[in-house]
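Right after this note come the structures.
Each of the two complexes below includes chain A, the first together with chain B, the second together with chain C.
What follows is the complex of A and B.
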């Protein structure tokens, strides 16, 4: 009986990954993980400052200029120094998050896998008691957990800042729209999904090319292309809404405009005529109204989820490819 | 406990799109507890064979079993030191050994590597990147032995060491292997480096096995013959023969008594290996301990 139990527990022990794989990974890539901690701290610090003292100072300056009253003067189009600092703090955080996929891809391709394949330290790990597949799983999982935790915290804080009460920060943040690339990405899971795709593509590039510098270059190129394609594709990821306004006014849809133009009496969509804005323009050009095809702000979550889904699918494909590649090369099952 | 450390059957590995054969049709058996010299000219396939045994490469043909299992299943019980002694340059020696402990939680014995590091007068706090080539070799060997392997695969282990360190480290290695019955496979193209410490030989040439078997049996199977030029060496298998003036020197595998009027010597390991390297056309000879016993 006890022999059976001992055998079973030995089998369980046998099938478990060595506990030391995570500490080993943290030790080998310690400087990169410390750098990531620092980067997250800078982002969170900048956003916290912007939400607290930065916002207070910017609002005080705004009020002092009289910009919070109806019909603000021309000075209100220019930012004072406090408003400038507030915007800089937000821009630092969102800029770093925009840059994060590129940094992640460069590190994952260059240092995490490429360099280890190039100088043989990957094989050093594989001839300890760690199989290549477990090594790869840890190489993906540990950075993924750290990246998700950090990016998620930054996203939450930015959302808090973004959606704070209208009477305070709305006008300061009003310089950006919800659908601007950097605002859109940082305000939802898209930033995290981009970063995870970058990690997976970087790891795959490192395994594929087996050299640090080429892997770094290819990974960065792949991620920059992916993010660019997703930015371009974004308006098409969810059905759009159309709005029509009369000839007398101009269309001003509150959201991400995909297409806009003018309507004729027959209902045909034509480009906005050159005389647009002149009083007798509608009669002269036969325009009966204007239309706009756009995404209202209610499309924020569907667009976020679609784009995150695509980025995560790319990440999943890259992960599967990486495991298959490793398995084909080393022939090791687990 | 299996009594076979490595068994290869028609093992082959090719690389790249042109399917360049690094190894082909290799069959041999290495009994456990042996210290095997793996030798051959550059590009003979020594490193490929060791990487296959270590489970780092998948065979493209045939099979290889290590300690009675696939190399991947035997991963915990074997250790491998690659030719370029890869280590993480940013870690300290102590950090490198902690890595070994973390990655081999069920087998690690810290005393062995600590002793090897201390014997080399190395500071455990020193970073790997600050070490010389020989010192790195010492750390790599310490890491490999800390795992308490049953099979130790060493690719050109002594190439970076000065003669004194080589002698000392080899002695440590051999004492450790003898104490624990570790099977050691050591590759080198410097035959003199292997003489005296090995009791088994595996000679590769052009990706094929040229000689394999217990060293004593292989040496006993060959005779160095000195005679007059023009002598016939039939029916013996001639590995290599050279004529200098009126004198004939040949390495043969005798098929029977060699006859009168000739001087016969037992070849040294170096003579045996060099003769085979100089004549790639000589037929291979694979001796297996079990075949010997049966015969």
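What follows is the complex of A and C.
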């Protein structure tokens, strides 16, 4: 009777294991969980404030200084205190989102996997009802869901602020362009993809090095390099558009400029001549026009999807490597 | 005979040599030592190379004329020189690296130097050997502090040498946050404050990762606060005049107000002239060293209270 009961309760426990795994994970990492909730709340709060009272105050100041009139008066300087506060709020949100991949990698390499491997708590967990593969899957899935939810909410709110049609908010945001690194990342899935790649790289570093602090350092270095490379690669991720203007004017393309120069009569692309800007320059130097190779704002989505795809591919490779590493280390136990 | 010999051995070494303790600290943290040595070597090579580039960079940033005159070279020739951009970018990178050195130091001190040893119990093990807790902490702080002081002092001197005359167009103005921190004793004091913050965080949290995070956060706060309030560390100069004011080149502007009472245009400018560089450096260095001393004293007091 007792043996039967024990067998039945074991069966019940087994089916409930995933429910136990997630609360256990949240409990072990509750300070990280609370920190993440706080970070998301600060980002969302700053953006909500900037969209509501912050924008109203900035616009009121803007009008009071006479900046909205055609040919703004002498008192119109754009650096009023309300405008400054509005910009600070937006900068806090986008700055935290830029920092997020680094924080994620440090935590994933140090606390999520590296420390458990170093202390032996990972091995202890595997002797319980959780297999190594399930353990790793939970470690990746739970933070991934939380990170995606929070980052996506911030991205949606920032997009709303960015494309707000209700007033001349674009004047307040006019200091920034859609292709500035911070703005580009927070306005689309790229921010989320960077963060997921950071999580996967951190977990892999922790499993590889099996010590908290070295894993933290290596994960941070890897993610900083990844984000830097992606920032550098960005203009090359989609075919560019070229625009040509006559010799009398210069091209002023609205977007991410990749290359600029001058054209000769044969159509060759040459550097802008020294005499640029002088009246007789075109005749003197044989320049027939100017060209610019750039990404118009319509390339925003293709560029976003390409970069997100690359970051997610890195994340997927790191996840596959982590699972294979774990299987090799733990033998047939998976 | 054998008993006598074994009894005599402890007598001949009544006090452990401090050399052994210092060597142990260096040996335990060999990866950090190797990484810092590599960083130091890379910075030194970069600065020597930048110094060599300085002359050409200044030629590429000089006045020019089209067509060239007796005194001024042609603009096309000056434009063709690209060394000025390389030189300016290189100096900017070095300045940033030097002024951010405090962050890895604080994270390492909190995580690897103190926090991990208390978490793993290796600190408690060390205290049961010939080393008392206070001596243990003193060695842990003294060795990195000496190495950091030597490394940052040397790098700052090299940096000043590589900047040459410090032409603001190439090397950045003296009051740019990174330039200010990386050209004087402030650069030496920051990592020391980071070391003390990290050690204190390690003793408070007694766990590697939280201590690394808190050490980093505390030094980030300190760095941000000092950067924001740097202009208040020494009385600024105020100039009031009718019309507009032409500030001297390289003036660190604090505020600029214009008012038009009774139809007269009055400008009031507050700024730090370049001569305030050293007073500002000394005050900030003093503040940082005081903060470092306070954190170190707290760490020792905490260690003494924690002991049974």
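Here are some notes:
Quick note on the criterion: the second predicted complex is superposed on the first by the 305 of 334 C-alpha atoms of A that agree within 3 Å, B and C clash if a C-alpha of one lies under 4 Å from a C-alpha of the other, contacts with A are read in each partner's own complex, and residues count from 1 in each chain.
Operating definition for what follows: a residue touches a chain if its C-beta (ideal position, glycine included) is under 8 Å from a C-beta of that chain, and two chains touch if they have at least 3 such contacts.
From a predicted model like this one, the values you see are computed outputs, not experimental measurements.
In the three-chain model built by superposing on chain A, chain B and chain C fit together without any clash.
Of the two partner chains placed by the overlay, neither chain B nor chain C lies in contact with A:297.
When the two complexes are overlaid on their common chain A, residue A:264 makes contact with neither chain B nor chain C. Of the two partners, chain B and chain C, it is B that touches more residues of chain A. Residue contacts after overlaying the shared chain place A:225 against neither chain B nor chain C. Once the two complexes are laid over each other on the shared chain, residue contacts for A:246 go to neither chain B nor chain C. In the superposition on chain A, A:110 makes contact with chain C only, while chain B stays out of contact range.
Looking at the shared chain after the overlay, A:81 reaches neither chain B nor chain C. When the two complexes are laid over each other on chain A, the CA centres of chain B and chain C sit 80 degrees apart as seen from the CA centre of chain A, to the nearest 10. Superposed on chain A, the gap between chain B and chain C at their nearest CA atoms measures out to 8 angstrom in whole units. Overlaid on A, the two complexes show chain B and chain C touching the same residues of chain A, namely 31.
Partner chain C is touched in their complex by these residues of chain A: 31, 110-111, 115, 212-214, 216, 274-275.
The part of chain B that touches chain A in the complex is made up of residues 51, 54-59, 72, 75-76, 78-80, 82, 84, 86-88, 90-91, 95, 98-107, 143, 147.
Chain contact summary for the complex, chain A toward chain B: residues 13, 18-21, 23-24, 27-28, 31, 119-121, 123-131, 328-334.
For chain C in complex with chain A, the residues that touch the partner chain are 31, 66, 75-76, 79, 111-112, 116, 208-210, 212.
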